[in-house]
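The chains carry the letters A, B, C and D, assigned in the order they are written, with residues numbered from 1 in each.
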Amino acid sequence: MSKINRKAIQADVEVLSNKKVGAYHHMVFAVGDMALHARPGNFVAISVGGNNSSMILRRAFAIYRSSDRGQYGGTIELVVAPHGQGSKWLTGLQIHDQVNMVAPLGTSFGIPTEPVNALLIGGGYGSAPLFGLAEVLKERGCRVDMILGASTAGKIYAPLEGKRSVNSLTVTTEDGATGVKGRVTDVMSELIDKHNAEIVYSCGPMAMLSAVNEIARTHNLVHQCAVEESMACGIGVCMTCVLPVKDNDGVVKMLRSCIDGPVMDGERVIWNSSRKIPEGTWGS
Amino acid sequence: MSKINRKAIQADVEVLSNKKVGAYHHMVFAVGDMALHARPGNFVAISVGGNNSSMILRRAFAIYRSSDRGQYGGTIELVVAPHGQGSKWLTGLQIHDQVNMVAPLGTSFGIPTEPVNALLIGGGYGSAPLFGLAEVLKERGCRVDMILGASTAGKIYAPLEGKRSVNSLTVTTEDGATGVKGRVTDVMSELIDKHNAEIVYSCGPMAMLSAVNEIARTHNLVHQCAVEESMACGIGVCMTCVLPVKDNDGVVKMLRSCIDGPVMDGERVIWNSSRKIPEGTWGS
Amino acid sequence: MGIVMSQDFDFDMSSKFGQKTFLAPVFTASGCAGSGKELAQFFPLTELGAVITKSIALKPRSGRATPRMAETPSGMLNSIGLQGPGIDQFLQDDIPWLLANKANVIVSISGETVEEYASLARRLRLVPGISGIEVNISCPNVENRGLVFACDPVASKEVIDAVRRNIGGELPIIAKLSPDVTDIVSIAGEVISAGADGLALINTLLGMVIDIDTQKPKLAGKTGGLSGPAIRPVAVRAIYQVHAAFRNIPILGMGGVASGKDALEMIFAGASAVSIGTANFGNPTAAMKVKEELRTLLQARGFNSVREAVGVAHRE
Amino acid sequence: MGIVMSQDFDFDMSSKFGQKTFLAPVFTASGCAGSGKELAQFFPLTELGAVITKSIALKPRSGRATPRMAETPSGMLNSIGLQGPGIDQFLQDDIPWLLANKANVIVSISGETVEEYASLARRLRLVPGISGIEVNISCPNVENRGLVFACDPVASKEVIDAVRRNIGGELPIIAKLSPDVTDIVSIAGEVISAGADGLALINTLLGMVIDIDTQKPKLAGKTGGLSGPAIRPVAVRAIYQVHAAFRNIPILGMGGVASGKDALEMIFAGASAVSIGTANFGNPTAAMKVKEELRTLLQARGFNSVREAVGVAHRE
């Protein structure tokens, strides 16, 4: 039942570029063949802290872009927020430094077989996987509108080349420093109506995904979201990253977000279930 | 009774230079006022592994040279063997990297008030503190002869400028790759006689110091040696670095080599006492 | 026969638990290798001594709520709460896949009562192809105020006794002990007297992390099991103590093994083989790294087999 | 009165053990601050809640042979073996210096029999100027096959009882417990019932490192005590469990505290103050760093005192 990403490869990869963009670092890695099978929504898992690290677990990052050709062969790009110990170490790396990477991991966004109107919603660095997704959707003839939200302007990641792949981009910030003052969900309904959205894609903090799901549900829209649970392994062997999800038969099970996700069907996720097992979950 | 080195300072210091010399790295640090009170025999204690290090203890290194003036202000120089995790990290540093250092620590070599003939004996990187000592002895009008030994040529640390401060230098290697084939103790008696040595100074592995002490004893010579015991703190608070030493009243006590040493009176040390407490030790 | 072939004809890396011989000295630790499939994309499972499956209960279990993990200095806490499909579905889905892929399999079981362990043993005696049973007794005993079996010598003995009586002759029983006890040697003595063929040392240590922002325990289950290199000295000590007391009982050493050096430490302390748990999370190929490094280290020291190296740290 | 002045008039960092108030919530852990003099060159000892002296025995002790230490991932092992000059010389040399330098002093004592603890207590009741006594019961009991006092509830109780009866009224007694037990809460209960005013949690965990080159235990004493950040989750768990059971007993938290964040975790778990042990080795000014960072973190969270923050992780 689980969808192991059989394309995953483990390798030492080289930092090609590391640039500060607002609150984030845009990082490019020379990854060789690892880039071949990366799809929008997949993630990478990186060892952090170097040889003598006291941090024993990998960190997961959504793939922002990947390319299997070019000057440096295959590349994978990430958008990293210097948050805690691990991400600060990563964003402190220099060009030519090496990191150990396992990728591509996890599920990818489902792509409609017909051209549809898609609304993409990202929170903070959650915008990262959406630009690659937008490109694929555009190639398939979809209309792509995007909402990006964050607490403040520096936390909106929306590079120029990314903007090119969307029909419209609406930005919200909680402090109103740029774009509409408020949250992505404040403008979501209006944009669904305006652009006749037929499918919603989202990536960002769990609370945002949950709110987006609620609105998608009231509009009867399919909602594909990339969830973010704490992951110890990223490859499906530890069972730390689970969340309750309804299966085809309506049974709620604790599924691994690294293997059955990160991209999941929003409708099936039992939201707001941190620190509790929802009633009726299989086996509880 | 213990001789706390009250000059010790803790500071972040910068790597000014890091050069491979044979099996070792010669490293220079910009240390400011820390250099002011460094004496031959003193050591530094350095945090290793960086911010996220799983290594929680400092590493001790004998001060090879120190200077309290010059282009970069005060400097301290070390000779570091890339041995295990900590020293490999250290020798892997780049110019401008910072490390946290506590120095100067420990006792220094006793300097005779009158000009005497001194024989300095170093094993491996144990030569490091002897060149600074040689300079001081020369300034005091002493004759200084030196024996350096190691398993092989690459492990003899004897830079040109160092050689200038001694009257003669004899090298021994166990594989005979350079100098006399054998150990420092194979040539020691002969050199004592030849140069009328009146005092022996030594630094190197404990087994060598013990053998040197035996010969110094048979020649009735004062022997000042810098011992090397595993140190957890380097500042006298942990009691891990002890070794059995006779005090003025002939009572054997477990003394801290970081505070009552590293330089000790060889005659007072109870040698070959690893893994056992010598009989008659105070309190046992 | 439960014997997997290995590529090395010149160097004997095998260990023996009960009647079964395992050709490689590196196993995966229970709960740290998924269903086997997930690691199989990184290396062939046939390279392992055995896959030790996630502890399985009689009934399906949803496990604990999230967050289930917290990273700690050189370690981590987990509180999975033995999530699993229950023995029926496990035997239907996981075991056939593992056997079809020629993996050696040791099934880890967990129960809430002595009778549950007995039932699990009865189910497993009928399963062809498995190579052993690991009895995880670090589980709360519902019949005794939730006191963990492994913390109580009497309860530990009862569980192994029940498993022994129900498993039949062939399958080796490995009792997995908790380090969270005053005297692990006496617990070991009890389970050996009840018929354990080998011991797995050690399970996780009980720990807690508090989130200074939420001001609450980070894990939903409040406490969790501490694993990883941080606990290795405790594991080595437990192995050394138990091997000193019971020289003839094979020990599967675990707790922070991430390199050949770590494995060798445990073997010198008295382990006959090692299990890789948390290290799989940081490095999917950790087991292969450990195996290769261990072979190199042993050969460099003149050993002709792993067996020769077991317990050498006890020599005077 | 055992009260040290501190520079902060706006923010109350004090804790109370028995009748004594300590103005700073950061202490040095026993055996990790030398005689006090060695740290005094890096910061004024008056900045500490108290210096807890190295556990002192009746007679001089040479301690264990070397090697006495081994570094481990995020931790270290030590086997000092309670080296020390014995109570007489200690009272003659160390105490006067500490008091002359206005340090608050808690004397840690260790014994091999209940009677030795009683004698030590009698010696200390006559010493003016000290602020408390920490009873290190992680010592082998020669009258009971060398079983460590702290591993036996009855022996633990007897020791505290003997100290209580001999120390007189004023001096607070802090019982220092070992985490190497099946049930630390029950041991805590015993020593509290015997009159302990506070608890020190935790002492080191028993561990071992084997040198893969010599093929022997690295420490001459074979096993040693594991300390440092590696054990912090075990310490936090112990503090949380004991505070849950005995809300009114102040706890001195220790085990891997190296930053204000670590200290805050322990305070939220239920500690009234923390002790810095191994962190002093890596950083001579660790105690001052912890103190400053802790103040900042508490203030940022709107607390007006350390006391308000004690045990908040227990709130539902």
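Worth a mention:
Criterion: a residue touches a chain if its C-beta (ideal position, glycine included) is under 8 Å from a C-beta of that chain, and two chains touch if they have at least 3 such contacts.
All values reported here derive from a predicted model rather than from experimental measurement.
Chains making contact with chain B as well as with chain C: A, D. With every chain reduced to the mean of its CA atoms, the largest distance from chain A is reached by B. Inter-chain centre distance (chain B to chain D, centres taken as mean C-alpha positions): 35 Å.
With each centre defined as the average position of its C-alpha atoms, the distance from chain A to chain B rounds to 55 Å. Under the contact definition stated at the top, the residues of chain D that touch 2 or more other chains are 73-75, 228-229. Shown for chain A are the residues that touch two or more other chains, namely 54-55. Taken as a contact graph, the chains are fully connected, with every chain touching every other chain.
Every residue of chain A that touches chain B in the complex is listed here, in rising order: 48-55, 85, 89. Those residues of chain B whose C-beta lies close enough to touch chain C in the complex are 54. Chain D makes touch with chain A in their complex at residues 73-74, 229.
Touching chain C in their complex are the following residues of chain D: 70, 72-75, 77, 151, 180-183, 205-210, 212, 215-217, 222-224, 226, 228-234, 236-237, 240, 256, 261, 264-265, 268-269, 297, 301, 312-313, 315. For chain D in complex with chain B, the touching residues are 31-34, 37-39, 41-42, 54, 59-69, 71, 73-76, 78, 80, 83-86, 220, 228-229, 258, 278-285.
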